[in-house]
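Common to both upcoming complexes is chain A, partnered first by chain B, then by chain C.
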Partner chain A sequence: MELQAVLMAAGGGSRMMDLTYNTPKPLLPVGNKPLIWYPLNLLERVGFEEVIVITTKEVQKMISTDPKVKLDVKMKLDLVCIQEDADMGTADALRHIQQKVKTDVLVVSCDLITDAALHEVVDLFRAHNATLSMLMSKAHEFTETVPGQKGKKKTGEQRDFVGVDGTGKRLLFMANEADLDEGVVIRKSIMRKHPRMHIKTGLVDAHLYCLKKSVVDFLADNKSISSIRGELVPYLVRKQFSKSTNSPKVIDETHQNLKKNDSNISSRDEELLHLTQERSCWNDHRGDMSDAYHGGRLRCYVHIMDEGICYRVNTLAAYIEANRLAPKLFDEPAVHPSAVVSERCLIGADSIIGASCQISDKTSIKRSTIGVSTTVREKVKVTNSIIMHGVTIEEGCNIQGSVICSNAVIGRGADIKYCLVGSAQRIEPDGEHTTASPHLMSKACSA
Partner chain B sequence: MSSRGGKQKKGNVTSEQEEEEQPLQAVLVADSFNRRFFPISKDQPRALLPLGNVAMIDYTLEFLTSTGVQETFVFCCWMSNKIKDHLLKSKWCRPTSPNVVHIITSDLYRSLGDVLRDVDAKNLVRNDFILVYGDVVSNIDVSQALQEHRHRRKVDKNISVMTMVFKESSPGHKSRCEEDDVIVAMDSKSKRVLHYQKTQGLKKLQFPMNIFQHGSDEFEIRHDLLDCHISICSPQVAELFTDNFDYQTRNDFVRGILVNEEILGNQIHLYVTQDGYGARVSNLQMYDSVSSDMVRRWVYPLTPEANFTDQQGQGCTHSRHNVYRGAEVSLGHGSQMEENVLIGRDTSIGANCHISNSVIGNNCTIGDNVVLDRAHMWNNVHISSNVEIHQSVVCDGAVVKEAVRLNKQCYFSMLPVSQVVIGPNLSLPEGTVVSMHHPEEEEEDDDDEFLSDDQEVGHSKDKTRQKAFNPAEVGPEGKGYIWKASMNDTEDEELAQCLWGLVLNPDPESDSESEASEESQDRSRSVSPEIDDVNAFQLEVLGTLQRGLEENIVCDNLVLEINSLKYAYNITLKEVMQILTRVVLEYPFQQQGTQLTTLQYTGSLLPLLKTWSPVFKNYIKRAQDHLDCLSAVEELFLEQDTHQTAMVKVLMKMYQLEILEEEAILKWFSTGATNDKSRQLRKNQGLQKFIQWLKEAEDESSEEGE
Partner chain C sequence: MADCGEPDGPGNKDDITRSKNEGKELTKEEKQRLRKQKKHQKKQKERKNEKGPSETEKDKTPVSLLPPPQPVATQKAPSALPAPASAPIPVPASAPFHSSPAPSPADKPAKSKAELKAERRARQETDRAAKQPGSSSSGIKTKVPLSELNPVVKRLPEHVQVDDPAVVKRLAKKLERQQTLPYGASNKIPLRSDYGYKVSLFSHLHQYSRKAPLTQLLSIPSTVIHPSIVRLGLQYSQGIVAGSNARSVALLHAFKQVIRDYTTPPNEELSRDLVNKLKPYISFLNQCRPLSASMGNAIKYIKKEISNIPSQCKEEEAKTKLLTCIDRYIEEKIVLAAKAISKYAIEKISDGDVILVYGYSSLVNNILCEAFEKSRKFRVIVVDSRPRLEGREALRRLVQRGISCTYVLISALSYILPEVSKVFLGAHALLANGYVMSRVGTSQIALVARTYNVPVLVCCETYKFCERVQTDSFVSNELDDPDDLMVTRKGKTQLENWQDVSSLGLLNLVYDVTPPDFVDLVITDLGMIPCTSVPVVLRVKNLDQ
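Our next item is the complex of A and B:
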């Protein structure tokens, strides 16, 4: 076994509270599949047979009953629960399962929907014997109007500055705009080693990391690091260019320990690798005669996707966008065989109808997702919307650009535009709701 | 000459056809405006120094001509006559020359800025022009850069004023000039320069945030660029130099444009060539590397055998291992020219010599058993037998006697009249400079660094000092002065180092520079500056008060000043008061020395207290302030223990002036004692009496109150 897969599915989805109030984030339906299905499928596609899923008790229960996960996922799921209220970061979680980690790990977040070629990331990890390799993608502009937002909101988040070398693979610099009061500061020695640095700002971190086992061991020794993205990755990136400090020594030592133990295959490889590196004339850089990687032990790499789908479903906007794109990821029939769809209705090719739905006459569904066991009565128009499971939409409704959570009931003739309807909500008949009121509705549901 | 009437800022609309018709112009600055090649450049302007047996300015002109320049303005200052003579004799001034050369001389040019201001004043340029120095060796075809530049100017309406030409060359490359070690931040797509900085001596490179806020999401930071000192300039550049009379160098200009980019809207772009060659011979190290690159044919088609200057007898043959021989070269039995050797015409070489990586000029004689490696010998040099020369420059007419050994980085300056003679039997250490000029005369000329007509002065002094050559330095038969030995001046030492440029360190701040030190720096940064700030603030307060006394400034204004200082140094109110108290109480010591008697001290202090009491009152308001002030007083008198008796007087005065309240004083007296010393202090008789008195006064007042 070369890599162990770890899936982080304990996050609360704090940036989309309206949606995650009733359904935990890993189980939010995206294209009628729970969100967690996507990273699991990604791992399964590349041949993982086992995955450690770090999650909460609540989610564990729901996962084990979720039909989709049960039927579709053939991998062995090793569910590890952590306390919900412990406020553990991703690095804490990794530390929690240190005992289970026997080799290098591939850490994936549960909110990742991507068609990325995973081997690109792993190949970087293998080819350069890297400490860390990660996946990033060009940021997408969200085109859809988000319920509850008037006009286009500028993303309030501050940009990440990512510096890569001339090949665009080696990760040299990483910082958030918020921490850069004094401007971007780069040591000259780094520039001497990597004279060409591309600084990119419009990137999303897919939160997919290949990490050396020694890094997990290092985490176990350094309890102060609690988040992979926030602390560990920037730390490793920085440490690439400094040798004689305490903490990388820890990593070095563990490297050596590995060697001494010689109990597993990868460590024997390690020695061979060093030998080949010594004997080989291969070099990772041009322009000077120093050793490959300038003798550095720590190496961080990043694969930046130029095209393809890569979303992190952590905001409402991303959730809507992901729903729109999810059908493109698979060749599954848009209309589930068990759904009862009247022949005299109009269903756009870009829509999905879930299992055991009932769609009545004269309805029109465009660019929408209709969840499992949803009933849509006559003369209903649904455009650009996400309808979750078990929703009932009465006659003559007009739903546009909205998200309707599970088990809601939309009264006859309601006109809903750009709204978010909380789960199990009842919308009065003939009501008209536009962007002005959605928050009231979502609040009502959470109250 | 110019069709342009008056100055037009931006938007002088020239149609495309017109642009096509106009000949491409170039401004060639045939002066370095520095003294890197001193003392060689004392007798020969830098542009005329031979490189591969051809004057450097010829390379520059050839480069300009081959890139399509049809009109070149050569600006000369230092020894302009020599340059003029040289150019008039050269092929550039023949009627068939495709490049019309105008020579403009003036003794008043002190910098590149002066030259370009003159370009503007004389209205010489009509369109985009190429700006180069007279010591640039290049084979870059700038026509593509020119095209890009013109395209940008058409699209962006004259926003781009300059395109700098760079050559890709990774750090540590031999032909990289350490002085020109630059870091450039640019927009990846538009090739726009956002930040430009020389990195020499820097450990950390800082890029201000505002350069990343241009809407683009991809930037590039490049450290692998060698400045070729070739720039394509818009006519506005000359105007901008006129408008900003403080721009002296191109560096000033670039930085000025980038800083004022938002105001003036001018931009600078860059063009990077990968396969061309371009370098400026800006110091001896560059001279060495450019010369060897030339011999190794990196600057093709500018090669030694090409004889592009089209001079009679300059031709030479090229054979294996890059060995070039001029006409009439005689080579003794058993001599080897290993590789990369260029030998000028009429040179004779004795037997059993080993020559590699060297350039030998015309009319040289070299004896037997000579070893030359990376030697640059100019014309008419005489080398006797058994000489070893490594990485040195031997200038015109120098004579090296028998068995002399020149180690790395020596060089001899030449004088046309009397030549440097070295040896015999001498070994010169690394970095020696020998010249017929006495170093001291150079020091005397220092006041007028750039003045060119001090040459005569130098000559006259030369004669008076001709007598003493030091045989220990230049050998028994030697003639010449060692430069470095007599240079104790720091500035001159610096200069001597600069002759060869900076010594290349493989990696000055290597990996040993650990994060730990960085972190500790961070930690210390959070603590230490505060102390510094407090100290600085104390000094500032002292200065303010001093000035207040001298100039009779109203106390209100003093308060204002102190407040602004408070913000400048980020000082808390409590500290302000403590520092103020301390400064005032120490003031007499400050002014009259620490030897004051107590009586003198109180005599000079009490009036001061009275003068500054409004300042105190401004800061001492709450009960805590009173206590803080008192503890500051106490602290000071604990330090100045000989003057403790004065303390009671100070307190009395402060009480009388209503700076301090009696309650506070009593409270301080009863509770403030924290250690033995302060307890000791409170046992002072005078103080006890004062407290007693205060207590009684209080009782009385309270009785009165009832």
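Our next item is the complex of A and C:
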């Protein structure tokens, strides 16, 4: 077996508590499918047959009853539960499943929506025998107005500084603004080996990593690393150029310790690989006297996507953007066949109507997503909004640019602009609510 | 009675006489061949008794599979002819006919010549009987072209018939059939499609783009093809493993992994099943980058080793045996051969020499480094050419050792040759008619060196000797990605939209052949031989096997 897929679905969605206080993040509906369906679909399309899903007990229960996940996903899902309050990072989770990991792993986050060609990332991993290979994408500005925000700019989503070499594939430097005190510090050893480095800041990390098995074993020994993105990846990137002979061996020693029985085999194979590299006339750089890869054993690669969809749904703005673009990712008809849609309503081409909906006469639905089992009565105008499951919208409402969470009830004639209505909330009839009235959030969240 | 029974009297008689003659000829030839085989086996037994009893097993089961398709047409002719006559002959005797391609290459053409002579004689008799007496009997002496009399259709290998849609369809079907697992349509080896406009002279060859790797058509945890083979194919197509020695070593390394991970399915024999398992991998690698002659020989060797495993051998034992065989092959044919060649070549390097090398040849680099270590005083001129610019890597490695080097591009060749005292060239393969197949540009170097009366020495291990015969670089070659020829200077790429210009075609050839008249000496691990002795070495090698 070449690669094992691991899906991290235990995250809390701390940056969009408005949405996730009731529904766990992996099950938030995006385009009427649970968020977790997207990475699972990506893995299935590419050809994986089983996935290890690390999640909480709550999510596990809901997944096993969710029809979308059960029916559409044909892969075998191996659900591993971790304690919700244990506050485990992604690296801790990998350490938890170390026994199940038998080969190299492909770690995916549950909030990734992308149509990237995964083979580009994996090919870098295979061809260069890399220790880490990841996917990044050029960030797109979010154009939609986010409900609940009064139009002010986001305060410092800390920037990531990513340094790549001339080819744009080898990862040389990675640091987050939060970790840097005063300026970007680049070691001389890197500059000596790669005198030309391109530093990019406008990149989105897709949180999709191909890791060698030895890295997972290394994690088992080093319990201090708890997050893949925050700690492990910068550590590996730094260790590529580490002068001390200890560090590359730390990762390779664990690799070789496990092969104690086959030590003869691995050493002879190493010799053959060395012979191959010696006889081959390829070099990854030119201009200096060193061998390919500068003789380094640890290599990190990144594939940066120029075009295509790549979103991490971990903020409200991303959630809304993803809902807009989700229909482009799959070919299902916009209007679910089981929805009861009356003839005299106007449904725009880029709207999605979920199953078992009831849309009455004279409604107008534009650029919106209507969830499953939602009832929309007459003369309702829904524009640019996301309506989740089980919502009831009485007559004459006007909903613009808002997000209405599950099981909410919007009273007759309510006028809602750019608001976020929490789960199971009741909006009084004939109310007028704009972003200026934040009390629409649920009580649990308003504090 | 006789008249009415034969409507076309002479014609029928001819057929009968011809078939009688054929039958007689065949059985005579069969007997001759059987006798030769027995003699050969006796000789081998005697030889092996000196070496050891372990290898007699090989002789006792000389069943080996048909080699991969090679453009030696005469092979097909004899293998088809004995087929109708082989029915009464017991299987073990006929097996050697289908076995190793040239147990006695001299026999096969001789046999078909005898065959042809008989037919010719018969036809001459009928002609003479039909026509007036005294008609030209020159037909006996003149050689009738093979294609007219030879009843078997010559088959060209598939990789040089890309412009024939029927052949492409056949290849696609063959890939479909080579499914490794019994389920699913997604388990076939994908077919890589050609890219871009191909220059008409080379339209019969494949031309792939590096930006469209074969892996995008495969599933990611590759189950159809062993992961180490996928990795190898990627490394081939991206050029990370380049050079025929490196490619062969990498191939054997990957095969070692495959063999280690292999388990015999129930009711199957390892010797037969493992070879079938390897076939789709080889097709896959062929799609990634056409196989080199050295790789072809290595594959033939492995297949022979696998099919020679006795059926009662346990799986673990068989696997370790195969692994040691592979290690031994690499050790003998590549590592030790390089040492032997260096030893011979160093005799040819004298102090004060100016040696010219072209591109990157791992063997020539090895020789020069060893000569330098043995304190020979010489300097090197490295000649390089676009688009690969492999000479830069050769230059780096030589300078790293401390050898003083000069670097020129091939366009400066005639300017620099007056300074040169010897030319050392590496080879990708040595063909059976003495031609040297090497990186494109080598024939030019040899040509200009000949004009300046500079000796040209080709260094090549014997495992790269190939039974193909080629006199030009068009028939069988490799087309690399044409986009490699594009160069970006100061932010501008002139050839960026070459596909839109209808009258423009980019050609990126990889190999060319050098005729033996330009080569003065070939240094192999068997010694220093002239170029024309290559078929002799091939014959001796095959007799040894």
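Keep in mind that, in the parts below, the second predicted complex is superposed on the first by the 410 of 447 C-alpha atoms of A that agree within 3 Å, B and C clash if a C-alpha of one lies under 4 Å from a C-alpha of the other, contacts with A are read in each partner's own complex, and residues count from 1 in each chain.
Everything that follows uses one rule, which is that a residue touches a chain if its C-beta (ideal position, glycine included) is under 8 Å from a C-beta of that chain, and two chains touch if they have at least 3 such contacts.
Just so it is clear, the structure is predicted and the values come from calculations on it, not from any experiment.
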Query raised in the report: Can A:Q98 be said to touch chain B (first), chain C (second), both, or neither?
Result: neither
Report task. State whether A:G47 touches chain B only (first), chain C only (second), both chains, or neither. Result -> second
Requested in this report: Could you say whether A:S189 touches chain B, chain C, both of them, or neither, answering first, second, both or neither?
Outcome: first
Requested in this report: Considering only touches as defined above, state whether A:H119 meets chain B (first), chain C (second), both or neither.
Outcome: second
Query raised in the report: Between chain B (first) and chain C (second), which, if any, makes contact with A:G295: first, second, both or neither?
Result: first
Query raised in the report: Counting only touches as set out at the top, which of chain B and chain C does A:Q83 meet: first, second, both, neither?
Result: neither
Report task. Considering only touches as defined above, state whether A:F241 meets chain B (first), chain C (second), both or neither. Result -> first
Query raised in the report: So, A:G202: does it touch chain B (first), chain C (second), both, or neither?
Result: first
Query raised in the report: A:C281 contacts which: chain B (first), chain C (second), both, neither?
Result: second
Query raised in the report: Which parts of chain A are in contact with chain B and also with chain C?
Result: 286
Query raised in the report: In the complex of these two chains, what residues of chain C are touching chain A?
Result: 186, 213, 215-216, 218-223, 227, 230-231, 234-235, 238-243, 245-246, 249-250, 252-253, 256-257, 260, 327, 330, 334-335, 360, 362, 390, 392-394, 396, 399-400
Query - Contact footprint of chain A on chain B as seen in their complex - result: 169-173, 183, 185, 188, 199, 202-209, 212, 217-224, 507, 509-516, 518
Query - chain B contact footprint on chain A (complex, rising order) - result: 161, 163, 177, 180-189, 191-192, 195-202, 238-239, 241-246, 286-288, 294-296
Query raised in the report: For chain A, which residues are in contact with chain C within the complex?
Result: 1-5, 46-49, 106, 117-119, 122-123, 126-129, 265, 268-269, 272-273, 275-283, 286, 289
